[in-house]
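These notes open a run of structures that come right after.
One chain, chain A, links the two complexes that follow: it is found with chain B in the first and with chain C in the second.
For the complex of A and B:
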C-alpha cells in the first residue's frame, strides 16, 4: 500500500491511453452487468421459488384446464398442508402490448399460499368483500400509475363474458409488494367466483393448482402421490416443485443462457486483449525507469507487485464504474421490462463474479509484463536505454 | 493529383510496415471482429425468426378468428360460423367447394431433444383444404394421415427438434395414442414446427365438440379481403377478425423479434463504443511508435493532409479486416444454426434457423467502417500536427 502513490502516478503516465483503457473496461463491465441481469430473468426466478410449494398442471399441457373437483381430492392427499388454484386470464390493458399475468384466484387462500406477498389487512378485506375487486403488484401499479379506487378495464383475449362482452372491469382494492426484491410482482389478482359466474365457457375448471407440502413431508413423494391419484383419468396431472416448474418453463425459451455466455466470452476476450496490450506497451516504454527503481534498491518482488497492482488498479477503476452504472440502469430497466420479462435483477453472485473477473483480468493482463519487469537485469536495461 | 499520390505513397508505406506493429494492430482487428460477431450473431436470430414466421404468410390467404383474439390459441369459432365463412363473398371456390380449412390449434408437451425438457409444441387439426390454402406444404416422408384415425404428420423442423417424432413411432398425449405416419415440409416456414392431424379426430381427443379456432380461406384476389371483411362485419351471427395470413404472422413475430432487437442493438452500440476505445488506443500507439518516421516524411516534403489520411486509412483497413473476420466467423458458426424458442404470442414453440444474411454482414461492415474512422481520426490529427523538429530530436 505504501507504494500506492507510485502506482497511481505510473498508471496515469499516459493519460489518454489509460483513460481509453479504463473506458473499454468500463463498457465491458457495463455490458456484463446488463447481460447477467437479463440472464437472471431467463433462469426464471429459480432462487425465489419456495421448495415447499408444488404446482399441479394438466399432463398434456399447461393450456389444458383441470376440473375444479380436484381441489378436495388434492387436499386429501397425505402430506398436503394447503391447496389453492389459479387460472390464466391472458388479457391486456388498453393495448395488446400491455400484457402481464392476470389470475382469477380465491383471495384469502392465494395470499396465504404466497406469504412473501405483503398487503395491508384492510386492503385484503376490501378485496375479499368486492366481487369485482382486484389487487395488483407494486410493479404494475407503478408502471401504469394505478391507485387504490381506480377502475381497471382489461380486454379479454380468451374469456368472452356470458353476455358476449370482452371487457372485464375491476375495482382496484389493494396493492401488494414482495419481500423478495428478486420476485416479480407484475401480477393482477381477481376473484375466481366472479370469473366463474361471468365467463361464457369452461365453467367448473381452473388452470392449475398450487399446494404447500406439510413440514416433514417429502415434496417429491407428495407430487408422485398426486399424479398417481389422477393417473388414467381423462385429466392426468403433472406435479412439480415451483422451482422445477419455473425452470422447465424458462427452458422453453431455448439456449438463451448459452448465447449470453458466448457474448460475455467475446466481450471479455476483447477486453483482455486491449488492456493486456496496453500494459505490456507501458512496461516496454518504462524499462529504463524500472531499472532505476531496482538500482535504488526495490526488490524483484516489489517491482513485480508494482506493475501487477497498476494493471489491477486500471481494471478495478473501469470495472467498478461499469458495474455501478449497470446497477443504476438495471433499476430503471427492471421496471420498464417488468411486464415483458419479469425478474431482471443483478444478483450478488453476479456482482461477486464481476469483481473476481476484474481481479483475474488485472492479473492476467499484468502478469507477463510484470514478470518481465521482475526478471529485468539492471545492467542490460540501463545499457539498452 | 500530387496530393493523392502522396496519400497513396504514405498509406502504402504504413501498410507495409504494419507487421512491425503487429501486436497493437491485431488488438484493434480483434476488437472490431468481436463487435461484428456479436452484432451478426444476435441479429441473425431476429432475422431467422422473422423469416420463418413471415415466409408462412401469404397475401391471398385470409385467416378468420373470433374477434379480439390475439392468436389462434385463444380464438374459438362454432361449426355454424365456419359455414357462414365458407359461403361469404370474396373467397375462392373450386367448383362448388370453398378452398378453405377450418382448424383447431392446441399445444402438447413434447420433450426437446437438446435439453430433454418439456416444450409447448403446437398440435394442429386441419381439414384437407389445409394443403390448398398454404403454399409449399408437401409430405416428404412416409404418407399423409388418414382422416378419422389417430394419425399425425409432423413438420420437418419439429421432427429434428423434438424427441419421439420419427415416422413410424407412436406418441402418447394424455389418454390418446397417435401414430406418426409421415413428415412434411413447408418451405422452412413456421408450419414446419407443428404436428398435424385430422381436425375431427383432434376435436374428439380434446373434447372440443364441433368447434374450431380459426378458418383459413383462399381469396379470389388480394382485393377480396375487404369484401370478405365487410360481409362478416355485417353478419350478426358472427363476430370475427379477418386478417391476411401475412399480417397475422407478422403480428405473431413482432414481440419476440422486437425484443431481440431491443437487446441486440444497444448491445452492439455499447460494444462498438468499447471497440472504438480499443482502436483509438492502438492507433495512438501506432502514431507514437512511428513518430520519427512521420517526422522524416514531413521533412522530406509530405504534407500534413497525406499523413492524416494515411493514418485514417490504416485504421479503417484494420477495422474492415476485423469486420470481415467477425462476419466470417458469425457466418460459419451461426448461419443455419437451428434453435427453437417459445413464442409468447402463440404460447408455443417455433423452430427456426439463425440467418446471417448479406444485409447483416454489410451492416456489420458499415459498423466496422465507422469504428475504424472514429478510432483513426484523433490519432491521425495528432500525427498530422506532430512538430517535425521536435519529433526528429526524440530518442
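For the complex of A and C:
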C-alpha cells in the first residue's frame, strides 16, 4: 500500500492517454456485463433446471403434440413420482412484440410440480375454480401493471377457437413469485380444461409432459423406460432432463454462448493491444526514472511489481466502472425485457469472472513492459539520460 | 590513523565494446577514510563515473574487491546490492533525477518506502531532510516548480534521508550557475563537517574540487592524489 501513491501518480502521468485507455477498458467491461446478463437469460432455464424433473416431448420435435392418453401410462412407469403436462400457446398481449410464455396446465398438478413457485392458497383455489382463470408471474404483472381481478385478452397465433375467434380472455386470479431469483416468472398459466374445450383442433393432445422422478430412482433409467414404452408407436417420445430440454430449446436461437464468446474475445484482444501499448509507452518514457528507483535501492522485483500494479490499476479503474454502469443498465433492461427475454441478470459468477479478467488483462498488458523495467541496467539507463 | 570507510583493492573494470576490450580502471587501490570529502577529477572517459558506480554498488569490478563499511560489494547479488544501497549510500546526480510526478516531499520520502517506518515517521524524516537543505517551505512543490538549485537541494535531501554514511555525487554542480553551484557545494561541506557524511564527488570543475578535503586525479584507469589548493 505504501507504493500506491507512486503507482497512482505514474498511472496518471499522461492524463489524456490514461483516460482514453480507461475508456476503452470501461467500454469492454460494460459490453461484457451486458452480454453476460443477456447470455445468462438465454441459458437461464438450464441453470435453474431441477435434476429430478424430466420432460417428455414428441421424438420428432417439440412442435408435434403428444396424446393426452399418455398421462396415465407415464404415471405408471416405475420411478415416476408425479406427472403433469403443458402446451405452448404462443399468443401475444395487445401487440405482437408483447410475447411471453402462456401455458394451458392442470393448475394443482403444475403448481405441485414446481414447488419453487409461490402463490397464496386462496389465489390458487380461485384459479382452480374459474375455468377462464389464469395466474401470472410477478415479472409479467409488474411489466404490464396487472392486478388480480383484471381481464387479460391474449391474441392467439396458433390456437384459433372453435368459433373462429382468436382472442382468448382470461380472468387474473393470482400472481406467483419464484424462490429462485434466477428463475423466470414471465409466464401466464391457464386451465387446460378451458383450452381443451375451446380450441378448434388437436383436441386430446398436450405439448409435453413433465414428471418428477421418485427419490432414489435413476432419472436416466426412468427416461429410457418411458421412451421404450412408446417406441414403435405413431407418437414416439424423447425424454430428457429439464436442463437438456432447456438447452435444446435455446439452440433454436443459435449458439448464443459461442456468439457472446466470440464478440468478447475480439473486444478483449483489442483491449490488450491498446493497454499493452499504453504501458509500453509509459515505461519507455521513464527509463531514467526507473533506473533512479533502482539506484535508490528498489529491487528488480519491486520495479516489476510497480509497473504491473500500474497496469492492473488502469484495468480495475476502467473495468469496475464499466461493470458498475453495466449493472445499473441491466436493472433497467431486465425490467424492459422481462416479458420476452426473462432472467436478464448479472450473476455473481459473471462479476467474479469479470474481476478475474481485469486482473489477468492487467498482468498480460503490463508483463512485457514490467519485465523490461525489471531487467533494466542502471548504468546504461542513467548514461542514456 | 582514521577509520577506512571504503577500500578498492586491485580493482580493474573492463568493458567489451563489440570486439574491442576497453579497460576503464586498471588495478586500482584506493582507501577512503570515514568522514572524508574527496573530489575526483579527470578527463572524460578516464573512469571517474565507473569508480563512483563501483563504490555505490551499481557496477561490479572485473577483478579486485570493493569494500564499503565492511561489506564486500563485489561478492553481493543484485538483490543484496539493492538492499545495501537503500541504507548505506546516497546518490546525487548532475541532472537531479527527481521523479516529476511527485512533490519535493514525496521525492525525498522515496528511499524510506523501502524501510519499515510508518507513514508518519517517513513524513517526519523527509521533513527533517528538507529542512537541512533549506527547502522546508517547498515541500509541496513539484520539480517543475523549482529552480535547478532547489531541485538539486531536494536531490540532496533524498540522498541523506535514510542517513547513509556515504554520499556519491556525480557532477552535482554541472548543470548550475556559479553562485548556485557554490551554495550546493557549501551544503555538501556542511553535510561532511557537521553531519559526518563521507563524500566522493566527481567533477570537471576545479573550483568545485576546492570545496573537498582532497582531490584525486583519474587518468587512463589510475588515480593520482593531489592536495587541494
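By our rule, the second predicted complex is superposed on the first by the 381 of 385 C-alpha atoms of A that agree within 3 Å, B and C clash if a C-alpha of one lies under 4 Å from a C-alpha of the other, contacts with A are read in each partner's own complex, and residues count from 1 in each chain.
Basically, a residue touches a chain if its C-beta (ideal position, glycine included) is under 8 Å from a C-beta of that chain, and two chains touch if they have at least 3 such contacts.
These numbers come from a predicted model, not from an experiment.
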item: Which of chain B and chain C A:300 touches, first, second, both or neither; value: second
item: Partner chain(s) touched by A:10 [first = chain B, second = chain C, both, neither]; value: second
item: More chain A residues in contact [chain B versus chain C]; value: B
item: Touched partner set for A:38, first chain B, second chain C, both or neither; value: first
item: First (chain B), second (chain C), both or neither touched by A:125; value: neither
item: Touching partner for A:278 - first (chain B), second (chain C), both, neither; value: first
item: Partner chain in contact with A:28 - chain B first, chain C second, else both or neither; value: first
item: First (chain B), second (chain C), both or neither touched by A:236; value: first
item: Touched partner set for A:378, first chain B, second chain C, both or neither; value: second
item: Chain A - residues contacting chain C, complex; value: 2-3, 5-6, 9-10, 12-13, 288-289, 292-302, 378-379, 382, 385
item: Of all residues in chain B, those that touch chain A in their complex; value: 23-24, 26-27, 30-31, 34, 37-38, 41-42, 45, 66-71, 73-74, 76, 106-109, 112, 114-115, 117-120, 173-175, 206-207, 239, 255, 259, 263, 267, 270-271, 273-275, 277-278, 280-282, 284-285, 339-342, 347, 349
item: Interface residues, chain C side, partner chain A - complex; value: 53, 56, 58-59, 78-79, 82-87, 91, 93, 95, 97, 99-102, 106, 110-111, 113-114, 119, 158
item: Parts of chain A lying in touch with chain B, wherever the complex brings them together; value: 16-17, 20-21, 23-24, 27-28, 30-31, 34-35, 38, 58-64, 90, 92, 96-97, 155-158, 160, 164, 166, 201, 232, 234-236, 238, 247-248, 251-255, 259, 262-263, 266-267, 269-271, 273-274, 277-278, 280-281, 340-341
